[in-house]
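I have a structure I would like to understand better, so I am pasting it below and will then ask my questions one at a time.
As written, the chain order gives the labels A, B and C, with residue 1 at the start of each chain.
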Amino acid sequence: MAFREYKVGARMFGLALGTSMFITLYMPSLDMGSVAATASAMERQLGFGRVGGFSYEDPFLQGWAKPVTVDIDKDPKTGAPIEPTRAYVYEANVPFPNGIRHPRILGKASEALSETKGHVTEADESHGAVFVVRETTQNGVSVPYIENVTATKGWAPADTIAVSSDSARSYIGKGKIMFVREGCWWCHTLLPEQTQDWQYFGAPPMLGDFNGESPTAFGSDRKAPDLTHVGSRNSSREWMNLHFFNPRLVQPHSIMPRYDYLWGDKDANGKPIDYDAWRTAYNDYESGKTVYPPEVPLPAADSEARALIDFIINLK
Amino acid sequence: MFKYLFAKAEDIPAGSAAVYFGFSSIVWFVIGTGIGSFNAAKLAFPDFVTGSEILSFGHMRQVHVLAVILGWISMAFAMAMMYITPALGNTKLWSEKLGVWNCLLWNVGLSLGLFLLWLGITSGREYSDLPWFIDLVVVFGLLLPLGINVWMTIKTRRTQGIYTTNWFFGAATFMVIIVFLVGNAPEFFQLTGLTEAYMTWWFAHNVLGLWITPVAAAISYYIVPKVTGNPLYSHRIGHLHFWSVVVFYSTPAAHHLMSAPLPEWLKSFASVEGVLILVPAIAFVSNLLLTMTGKWRMFVENIEIKFTITGVMMAIPLNLQGGFQQTRAINWYIHGTGWIVAHAHLALLGFSTFLEAAAVYYGLQTLLRRKLYSLGLANFHFWMLLIGFSTYWISMTIAGLIQGAGKIYEVPYIDVVIAEHPYMIARWVGGTMVFLGNCVWLFNMWKTARAGTVIPAGRLPHELAYER
Amino acid sequence: MGWRFDNPLGTLTTDDQNARAKKLWNEEALGAITEDNNRLPQPIIGLLVLTIVTAFLITFPLWGQRPNAAMFEPYIELMDAPEIQGKSDDEAMAFIVAQVKASGNEWLPKLERHPVEMDDLRLIRDQVIELKNKGVDLREYNIVGNKVVLANFEGNKRPDGTVERIQPWWDKGYTIDIFFIIFFCLGVMIAVKRLPEYDWQPTHGDH
């Protein structure tokens, strides 16, 4: 390339950019693509569903077409008592998570087991299915896989939901949508760091902990505590209720916004929520006119607040 | 503007597209910084405008970020490209009509995208928050038409040579399209897990490194020689700058995830490359400051040079921060704290905004053939930006160091929040100063278009005296 | 594309090609803007070399590392020492720390940054001993609260395909960096040296 030899320059530019993309995109993709999903990754994606952001099935981020997570101790088909089991219920036309829809996400051993022992390839989105995460030992190593219990045990999605009580249902998939839509991750990270801060916020994740999940919503600007393991630190629904409705009720110095609007129009008892009256009463309490703050309504089972709390509490 | 959409090409006055882009960019700057000031108020006073979903922080934050990046900065870039590229080729813009359409599409597409984001319709990926169909609008409605205009103008130039600024313009428009298409691949192709997280930061890093930084630098490569009348100090350093941007700025994406479980070799690679962004920075700053030789009076007297050189000087702390804060040695302390927020604003509101403001000041005067309405207001704008930004940067840097200490010594988080509170108020004050300064700027430029002194043919705006 | 190699520090281009370049450079103004042919100032070259060296030095993982299990192994071994039986926890801990310090342990700087108490040691003791009996590399394990867990580093690959859970001091990332930088320097040097030599300056016609 001499003075004003632009053809040579253009080729050198292509070579430089191409090499850069080869090193930064292609080479790491080999390493990241070869990592097997952990049990945690399977639990996460089964709970969250296909996408945690904008998608065809949920274009307005309302939490439509998301799985329901249920903790059951009865066989939904026979009614016989079983070991406490966490099942992920995909009702008809709820898209399956990426580990089931796409190959090369779970890792070779887990993918093979999920097909042979777990029968996941027999699951059909148009009818729905119920999944659980299992582990088995292969060559002395524990390998997690996904089991389609609709195929193996005949648990129908509707029956599985029916045998669980309301408090055993977690709307984690819808809750993740709320977490993303409401921008929780602008302040609360989902990534304990590799250095010191993890004594406080828990163990940092492993590479395979996210296979199949999208978006990971790590966040980058931590203005508030990391939430990756928040469910292990604090699993009180009462506290969460107060905190989401008005964080200053439980933490006077919090700078978190109020998320009272996620309660919707009616509370858990079907009573309309009078926000104006609540705020007036709260202002009286804050200015010292009254001794006690107003009661915080319980969120309805189909409210967005309930789903968000389910999501948060299940971040273990 | 609308009358030119279907006009014959020869009926559209040269420079129309640049003027529309210029005013659009100022309006978006006012909107973007206004939302920024509103958001900062919420961080300082959490019960300021409360209980409304649409006005909550989580819905407004990304609107601020993208209004500033795609509205203010990128439209100012488009404006600069549409008058600088032809000027450097002694020719006209390849298609003024495409430029006018591009400006309309840009405003419409961006408004639509930001409206959806505002409602919470997001991909949940920082910086590439827009859902994938809006990403396609950005690529094919905003960036590709701009790129075609720039490439074709360079191709149909009436000089043999291409000036350094145009190397950057031509290459950066190409690279930003690649970055948008590849960086949003996780959404187009449903990539998941850490691949998705890494690609998110590959996008975020490269949209900064291959679009904002080089184009902002390229603008000053034009403004400084043009206004001072000095030749560019060195064509050779121009080579070093251009090639090091392509080579070193496109590679450190992984340094944004130093605390994630990415392969360690990728972090080592990215971290070394990350320090090497100092190579283009050193080349850029030395070339521009040496070009100023003998004309330093203009740093005080001339508003465009004042903005440009301030921006160039801000590249020094910007790149020292950017180069070193991503290394393992430092990143563990300040990662995820307000320090990074301060750094991001040093890049976009400090370094880059000052360079683009100069281009918009200079371009609008040249294209409208009107002298700037008021130097006093322009200086007021300059100082509001500089003092407002500095207040913001200093307060957020201190807040970041507090957060870092809190993180390392595992202080209960709420104590960090309490300790940060005064700096959150200072940040809001600084941001609001920037917003008010921009309102004044919009007024000044509007009056310039209406009531500025007419510049006689053959003269340049900075050769005329100010009347106010 | 004429090349010459007899004057590599001056120019790599033949005289006739340089003559054409100089003529063009002198006569052409790009939108009334011209460029000079100044060399890269020597202090700047020094700064660039310093940047490249610093980039490697500062990237080696010397700071900000978290406590691993290997660090506390000598402490845990000393927990059974006869000298500390019957002493209070604080005295015992002081004894252990002094002993380890005196024996010149490789982890001393890190141990100073991560002081522990006897109760902390009791929580991890059995887990560390169990791992030791398994024969694993204790450096690959970290202390999280009261648990000893596998670190999440994706370090170098071992021959059998498993990954070392240690931040490596050298890996292929650095190797790629070295080649990348060499190719960059070569490319830019060739591009710059293909210009007319730097002691020639254009006069820019009448501009």
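Please note the rule applied: contacts are C-beta pairs under 8 Å (C-beta built on N, C-alpha and C of every residue); 3 or more make two chains touch, one makes a residue touch a chain.
Everything numeric here is computed off the predicted structure, so don't read it as measured data.
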{"item": "Chain nearest the overall C-alpha centroid of the shown protein atoms", "value": "B"}
{"item": "Chain at maximum distance from subunit C, centres defined as averaged CA atoms", "value": "A"}
{"item": "Inter-centroid spacing, subunit B versus subunit A (mean Cα positions, whole Å)", "value": "34"}
{"item": "Centroid spacing, where centroids are CA-atom means, of subunit A and subunit C in whole angstrom", "value": "35"}
{"item": "Contacts with two or more other chains, residues of subunit C listed in rising order", "value": "24, 64, 152-154, 176, 180, 187, 191, 195"}
{"item": "Of all residues in subunit B, the ones touching two or more other chains", "value": "160-162, 243, 247, 251, 261-263, 266, 269-270, 332"}
{"item": "Subunit A, residues touching no fewer than two other chains", "value": "4, 9, 12, 16, 23, 31, 194-196, 199, 204-207"}
{"item": "Interface residues, subunit C side, partner subunit B - complex", "value": "24, 28, 30-41, 44, 47-48, 51-52, 54-56, 58-59, 61-64, 152-156, 167-168, 171-174, 176-177, 180-181, 184, 187-188, 191-192, 195, 198, 202, 204, 207"}
{"item": "Touching residues on subunit A, where the partner in the complex is subunit B", "value": "4, 6, 9, 12-13, 16-17, 20-21, 23-25, 27-29, 31-33, 37, 41, 45, 51-54, 59-61, 98, 102, 105, 180-187, 189, 191, 193-197, 199-200, 204-207, 209-225, 247-248, 251, 253-262, 275, 279"}
{"item": "Subunit A-facing residues of subunit C, complex", "value": "1, 13, 17, 21, 24-25, 64-66, 142, 144-145, 147, 149-150, 152-154, 176, 180, 183, 187, 190-191, 194-196"}
{"item": "Residues of subunit A defined as touching subunit C within the complex", "value": "1-5, 8-9, 12, 16, 19, 23, 31, 194-196, 198-199, 202-207"}
{"item": "Partner subunit A, residues of subunit B touching it in the complex", "value": "42-44, 46-47, 50-53, 56-59, 61-62, 119-126, 131-132, 160-162, 167, 171, 175, 178, 182, 186, 190-200, 202, 243, 246-247, 250-251, 253-254, 256-263, 266, 269-270, 332, 335-338, 340-341, 403, 407-408, 410, 413-414, 417-418, 421, 424"}
